[in-house]
C-alpha cells in the first residue's frame, strides 16, 4: 500500500497517473499505515508539477527527446560516463538552479565551511536514494566537500529534475535518475548505484526504504561493511522499525524524520503558510468571514487554524484526543463534531492522519460551493471514492480543482482529488528542505564517526544535541543571536554550556 | 499620464507591452497624479494574465482566428447583429462563466429579486464602459432585469473575456468589445455604443472616464437627456472633480470609488490577503521570521502589516503622517526611517501612493536576495528606472520576477517591475468585485430615481444609507444576522430604524 | 439628565451615591442623550476609588479633618491665601505625584520646552474647570510655563486629589477644589474662580460645561473679552452644539473630544486593554475558551473583540449597522442576534451607546455564572433596574461585583452595577490622559492666537494639523522615527511638507 | 534551600517575611535547584495576599482571636474534636466558599458522580498535606465521596483559609491547619494527621514533600501499608527522584507535576493571561507600543510573548537553546542578546529558570522608568541583591512595587522584589486549580487500585490515558464535543477507541 503510494504521482499537465506495485515486497514492510504525513517523500509532487511560476519546468519541456537514457551514450566534460541522466547538455541550466538553492541553504554551506578542514566524512562511501532536486544537489555536494564519495538514484520515478541530475553528473557524481522512469528503470538505477566493481558503500541515505530494501534482497552481504542507514521518510522509518522488531535489522539506523526541528517545520510552521497558499492558488477565495472546519488539531491542524483565524475566518475544530481538544478550546476554537457544522461551513480541511473522516454522508449535507481539501497524510481522509457514483457529475475546472455536482445542482469544490493540498497545490519552501538536508548530513556524520558500541542494531532518533545544532545553523538566516550560559549559570542548571539544554521528554 | 497607464498592460505570456497615448485628451483631464490605487481599473490584469489555474484563459487560446471582429459578419441566435465581439460561437462557454460568477455575487442576485417587481430602472438607457468580465456580465444582466436597456464597451483593450462578451451578445446585449483591441478599435467600440439611431442614453456608467470624455468631445448635446454619471475609478473620479472645479460638469455624478464599503474591501481586507498571495506565487518564500519593512501605514499598509505579523514576520513601518505613525506604534510595529533598516530587511513593500519611496540608494544598500515590491497606487513608488543602468544585470527568472544583479553578485528580487503586486501576481476575489458592482447598481438606481433637485451638477458620494444597503446585501454570505433597533431604542438614539446609523464623519 | 450623571459617582468604599440635579439648567442643555462614552468626564471614578494599589489614596485617608475648607484659614509658603483646598500641608505629597506624572507626560513637557521661548499664551487668563489630578496639574503648570495665568475649579465633587490641589496652591495657582464638595461648594468654587476683582478670564477650559453654564447665567458680559472655549467632554460638547444651534453661542468653541487621536486612544486602544483588566480584577476569570458576546462593533467593541480573541475566547458580535457588521465578519467574528447565543455565552459585554440592549428577558435566559458588564457610554445598556425585583437576591461578593440569584439558584455576575467597567474596575493609563491634556493645551493656543475671523461663533474641531501635532509629540515615547517628505514628493502629492497629510474625510 | 523557600511568604499587608529553615533535612533532599516554576506550591501567596477584591480575606480579618488553636477546646456540631482549626464557628462562611468553588470545578463534581457508584477509593486512608483552600476542600470532599477516609494538614504556614478549614472540620474531616502557624505548629499538625491510634494511612497526597519526609523520619514502618505517594510540587518530585536514585524509595510514587495537561495550563495558558494581569495591577501601564524583552522562550515565555504581542507591544526574546530560539524566530520575535536591547526596552521579563539573568550591569544600563519583573521559577533570575547598595534609594510606591532610584534620578520599577509576578500580583484561576486537583484524584485512584506489580518502588508519570481523562473531564466547561473513532478508524490507526491516542514522545 504505502510503497505504491509513493509512486502515485499526478502530473498535472497530462493527468497521467502511475501506480507501481511490488506485491512481494509489501508483505514484509508494510503491515499497517503510518500515522504521519509523508511530506518529504512527496515533496517532488509540487516541484514537478507544471506551475507557471516554476522556472525549472520550462527546461524540461524543451527536452522532447524520446530515447531512453539507458540507451544513450553520454560523457561529461571530463570524459566520465559513470552516470545515467536524461541529457548531460542540460548541466549548465542545472548548475544555475543549484547555485540559487545554495543561497537559500546557508546551513549546509556553513557546514561545508565549519567541517571542511577536518573532513569528517573522509573515507565514507555513501549510496543515496532520494528525490533529485537542486536542494538534494546542495546536500550531495556538501557530503562530497566533507570527504565522502557518493552514488545516487532517485526515490521517485517522476520527481527528478533532469537539469540538476545533468549538473551533478557533469561535476563528477555518479547519478542514475531521470524524470519519467519506468518501474524497471527505477530498480535498474538503484542497482547501478550499488553494484559497482571495486566500490562498496559503507553508508546508506534512504528516503522511502527502497534502496535499503534492494540491498537486503540482492546484496545482503554488503551490510557487513555498512556503518549505518539514515532514513528520512515516515514509510522508510516504519519499515526499519518493523525490521528491528523482527530482529532483522543488521546495522544501526537513524530516524531523522522525528527530530524536533524537522517535525515543527514540516508540520506547524510549513502548514501555517501552505494552507493559505494552497487555497488561494486553487480557488482565489477570500478568507475573511468564511466558516471553516478543521478536522484534527495536531501540529498540522494547529498551523491551519492559526493561519485562517489570523485571516479573519471563523474556525471550528474536530478532535478525538481530549488533550488536543482542550488545546483547541484554549486557543479560541469551538470544538464540535463534524455533523454539527457540516451544513454551514464554507471550507472543510482534514488533517487527522485518519481515514474516512469526511464521508459521503457529510459530502451530501455540505452546502453549495463548499470547498473540501486534505492537509493530512494521505488520500484516505476524504472518502473520494464515494463520490464516483453515476448521479454525481465531475467537472475539472482547473488543474487540481474538481467540481462535483449533485443532481439538484449543488457543487462541491474538491481540491487535489483529496490528496495533500500543500504538496499538490503549493510549494515547500527551501528553508524547510534546508532543515531536512542538514539533519541528514549530521546524521551521516554522527553514524559514520560514532565510536564502536554507541549505536547497536536498532533505530535511533537523532541525538538532541545534533537537533540543537541543526537549529543553531539556521539561526543566522534570521540574524538571531543566541545567549550563552555563563559557567556559573551552567553549574546552577546542571547543564553543559553547549547543550543539550532540555530533557528528552521536553515538548517545545 | 494616467489614462495611458490604464492601457499599460503586461501580458505575462508574450510580454507584450502596449502603451497607448492620447496626447490631446491628457491636457484636460490629468493635471496631477491621483493618490489612491487604481484597483478596479487594473483588475483585468490579473484576470487576463495566463495563470495556469485560470479556466477562462484556455477558451481564449483556442480562438486563433486572426480576422478583426470589425470585419466579421456575426448574428446571434435571435438574428440580431447589433454587437461586435470576437466570436459569437463562444457564447456557451461564456454563459457558464457567468453562471459561476452569479453564485458568488448573491448581493446582485438579491437585488434582482428585491427590486424586480418595481423595475426601478424601467426607462433607463444606460451606456457603459467597463472591463468586460463575468462579474460585469452579472451586473449588466441585473440592470436589465431591473428594467434598463444597456449598451456596453470595454474600458481596457486587453481585459475583455471574449466568451463573456459573446454570451452577452447572444442574450441580446449590444456589446462592442474584444481582447486585444487597437487604439482605433477602442474608440470605435465606444462610439458604436453611443452613436445609435433612435436610441439615446440617459445614464452613464464609466470606469476611467473615457466614455464620459468621448461624449463630452463628440456628442455634448447628449448631456441634456442624461440624468447622471456613475464613475468607479480613481482616475475617472479625479477627472470629474476637475470638470466640476472648472464649472464644466453638466450633470450630477456619483463617485462610487470612495464609498466606505468599497474602500475597506479594496484596500484593508483585500490587501491583507493579497500581499501573502502575491509574495507566495512569485517567490515561494517562507514568511516566518522574515524581517519586512512596510512603507506607509494607510489602509493598504495596515492590511499588509497585519497579515505578515500573523504569519510570523518581524515588521517595521515607515510613515510621514504622525497619526498613522502612532497607530502603527499602538499596533505593535517599530516605526523607523527606511535607512535605519534597509540593510537588514528581507522584504521591502511600498504602499504610500508617493513616488521614489525606494530609491537607487536604498536598493544599493539592500542585502542579497532582498525582495522588493509595490502594493501602492502606481509604478512610481520604487524608482525602477534607476536600476536600468549598464552595471546592473537583469535576469527574468519567472513571470513577474526579475533578479537585478549587482557587479559583486548581490541580487535584488524585483516583483512585477514595481507595478502593483496584488494585481500583477494575485487575483481579486469575486466578493470584492461583488461589492463594487452592487455599489454601481445602487448608484445608478439612486441617480435615475432621485427627485429633481436632490443632485446638482456636482460630484457626490454615495449616500450613507446606500453604502449601508450594499453592506447589508453582503451579510447573508456570512450567515450574519443583523439586530434591529426597537422603536424605543431608535428614539433614544435619535436614529431612523433603517439607518443611516452614523454621522458622516464616522471613521469605522 | 446628563449633567446629573456626571456627578453620579460611586465611591467604592462607602458606597455613597451622590446625585445632584439642577432642574432649571437641564431644560436648556440636555435635550437628548449623547451617543458616545463620557470617558474623560468619568475618569475620576477610577482614580478616586480606593484601589489597594493606589498610592495617592492613602494620603487622603490620613486627612481625617472634618472642617470644611471654606471655613479654614490657609496660606501657602509665599503668604498667598487666594485658593481653597483641603489641607495646604499636603503639598509635598502632591508635588511628588505631579513629578511622577511629568515623567509619563513627555508631550506636555516637550511643549513646555518647544513653546516656552515664544510664550504663546502670554497674556492669556484661563479659567478652568476639570478633574483635579496629577495629570491636570501637569497641564496647568504647562499653561503657566507658556505664559498663561490660570484659576481652577473641580468639575466633579469627588474626583479631586487633595494633595495635588495643595501642591498647586502652594506653587501659586488659585485652586478651589477638594474631594467631597457639597453641591453648594461646587458652585461656590466655580464662582471664586470667575468672580475676582481686577482679573477677568479671556479663555475657558471646561470639562462638562458647568463652568461655561455658570458664566452664561451669572456673568454673560464676560464673554465680550473671552476669546474662546475649549471643551473636552461629550456632554459639554453636546451643550455647546445646542447653544450654537439656538444661536446663543457668543464665542468660538473648540470640540477637542472628537479629535482623531483622542478618539482612537479613548476608545479602541484603551478599551483593548481595559476590558481584560476590568474582567480580571473583578472576577479572576480565565479568558481562554470562554464564549463571549460583544454587543456593538464600534471602536470600543472592536477593541474588546480584538483583545478577547487574542486571549483565546470565542467571540460573537451583535450590530445594528450593516457596515460595522460586515467589518465584524471580515475580522472573523460570527454576527448574531443576542437571542441566538444568550443561552450559551459565559460573558456578555455591551458597547453600543444604546439603551436596554440587555433586557430582563435576556438575563432570565443566561446560564449560571454568566458575567454581564458594560463598556459603553452610560448605565443604560443593561436594564439593571429590571433586576430589582423581589424574587431575585442580590449578593455583593466583592467591590463592584454583585451576584444576582434566581429562585432556582442560578447566579448572574453583574459588574459595576452596569456602569462603565473600564472606569469602575480598571484605570485609565496616563498615556491616554497625556493625549487629552496635550490636545487641550494646543486648542487653547490655537484659539488664543488665531487671527481675527478664523473662528466664528461656532463649534470647531481641532484643525487636523494640530491633531497631527499631538500625535507627533507622543511618538518619542515609542522611539518612533517619522519620515519627512522631500520637496519633490510633497509636490507630487500636492501636500505641504509639514502637513496636514490627509483630507478631512480620511478614516484612519 | 528549596524547602525553606516554600515557607518564604510575603504578606503584602504587614510585610512580614518568614523564613523557616530545617538544617538537617536539607542535606538529604535538596542537592540542586529545580528547573521549573514552583507554581502550585506558591499558589497560596496570591490567595492569602490582601487583595481588595478577595472576599475571603475579610472573614479572616474579623478573627482577631490571639489564642493558639492548639490551646483551644473546639467541637463540631456532631461532637467531634478530632481537628484543630482557628475557629470552628467560621464553618458557615467557609462552606459558602466551598460551594462557589464547586461551581467552577465541574470535573471533580463529575468525578464524584461517575465514580461514586463503584467507590473506587473504598478502604483508602489518605493522609494529605497541601494548601488548605476552597479548591482543596472540593478535592477532599470528592475523595470522601469516592470512599476514602482523609486526614489533612497544611503544606504552608500562611496559606490556610481558616474558614475553609473550619467548614471541613465541621463536616467531619480531621483537619489540622490554620493561617500563621509557627514552625513547631507546622510539624505538630502533620504529626496529628499521621500519628493516630487505630488508624494508619495507606495513601499519601503530598505537596512539597514535607509529609513524606516526616513519615520517613518518624514512622518508617508505616510505609509497609502505604500503597503509594502522589506528589504535586516540583520540589517534592525532585526529592522523590533523589530518594529513588539513592534506592531509598520504598513505595511507588506518582509525579503529577509533569502531566501534559497540568504543565500546559500552569505555564503556557495561565501565564498568557497573568503576565498582563500582573503588570496592569501593579503599574496601570499601557501595553501598546511598549518595547519588551522576554528572557526565555519556554512555555512561560511563549505565553508572555503571545499575550504582549497581541496587545501591541514590540517583543524581543533571549534564549540559550537554539531550538526554542528558532521557534521564537518563526513566531515573529527578534532573537537578541539582552545587552543589545537593554538600553531601549520599557519592560524586562525573566522566565528562564536560571539565575542572574538580569544583573546589576543590566540594571545600570536600563532607561528611566524601565519595569523589571520575573515570571520564572524563583527569585534568582533578577539579581535583586545587587541593588541593595548604598548609592541606590529604594522607594515602595505600592504594594509589590518598588522604585529603585539611581543617583542621577533614574528610576527602575521593580515588581514583587523579583519574586514570581503572577503569584505575587495576580491570581491563579480556579480552572487551573481544577485541573491540578482532578489529576491528583485520578493519581490516587490509579495507585490505590493498580494491580500488584504494575508500579514498582519508583517515580511514575501519570499514565497518558489518565492525562487524557483529566482533559476530557474539563471539556464540558467549554461545551466542547469530542469526536469518537469508529471501529474501522480505530483499527486503521491501530488505536484503542478510548485512548491513549498518542505515543509517549508526542509533543502536543
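Residue numbering begins at 1 within each chain, and the chains themselves are lettered A, B, C and D in the order written.
FYI, a residue touches a chain if its C-beta (ideal position, glycine included) is under 8 Å from a C-beta of that chain, and two chains touch if they have at least 3 such contacts.
Computed from a predicted structure; not experimentally measured.
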- Note on the structure: Neighbours of chain D that also touch chain C are A, B
- Message: Using C-alpha centres only, name the chain that sits farthest from chain D.
- Response: B
- Message: From the mean C-alpha coordinate of chain A to that of chain D, what's the distance rounded to whole Å?
- Response: 43
- Chain centre separation (chain A, chain C; CA means) in Å: 59
- Where chain C touches two or more other chains simultaneously, the residues are 269, 288-289, 311-312, 329-330, 334, 478, 480
- Using the touch definition up top, name the residues of chain A that touch chain B in the complex. 50-55, 103-104, 269-270, 272-273, 276-277, 280-282, 284-291, 306-307, 310-312, 344, 368-369, 397-401, 411, 426-427, 429-432, 477-480
- Note: in the complex, chain A contacts chain D through residues 32-33, 35, 258, 260-261, 263-265, 269, 318-330, 334-338, 340, 353-357, 380, 467-469, 471-472, 474-475, 478, 480-486, 488-489, 492-494, 499, 501-502, 504-505, 507-508
- Touch list for chain A against partner chain C, complex: 288-289, 309, 311-314, 329-334
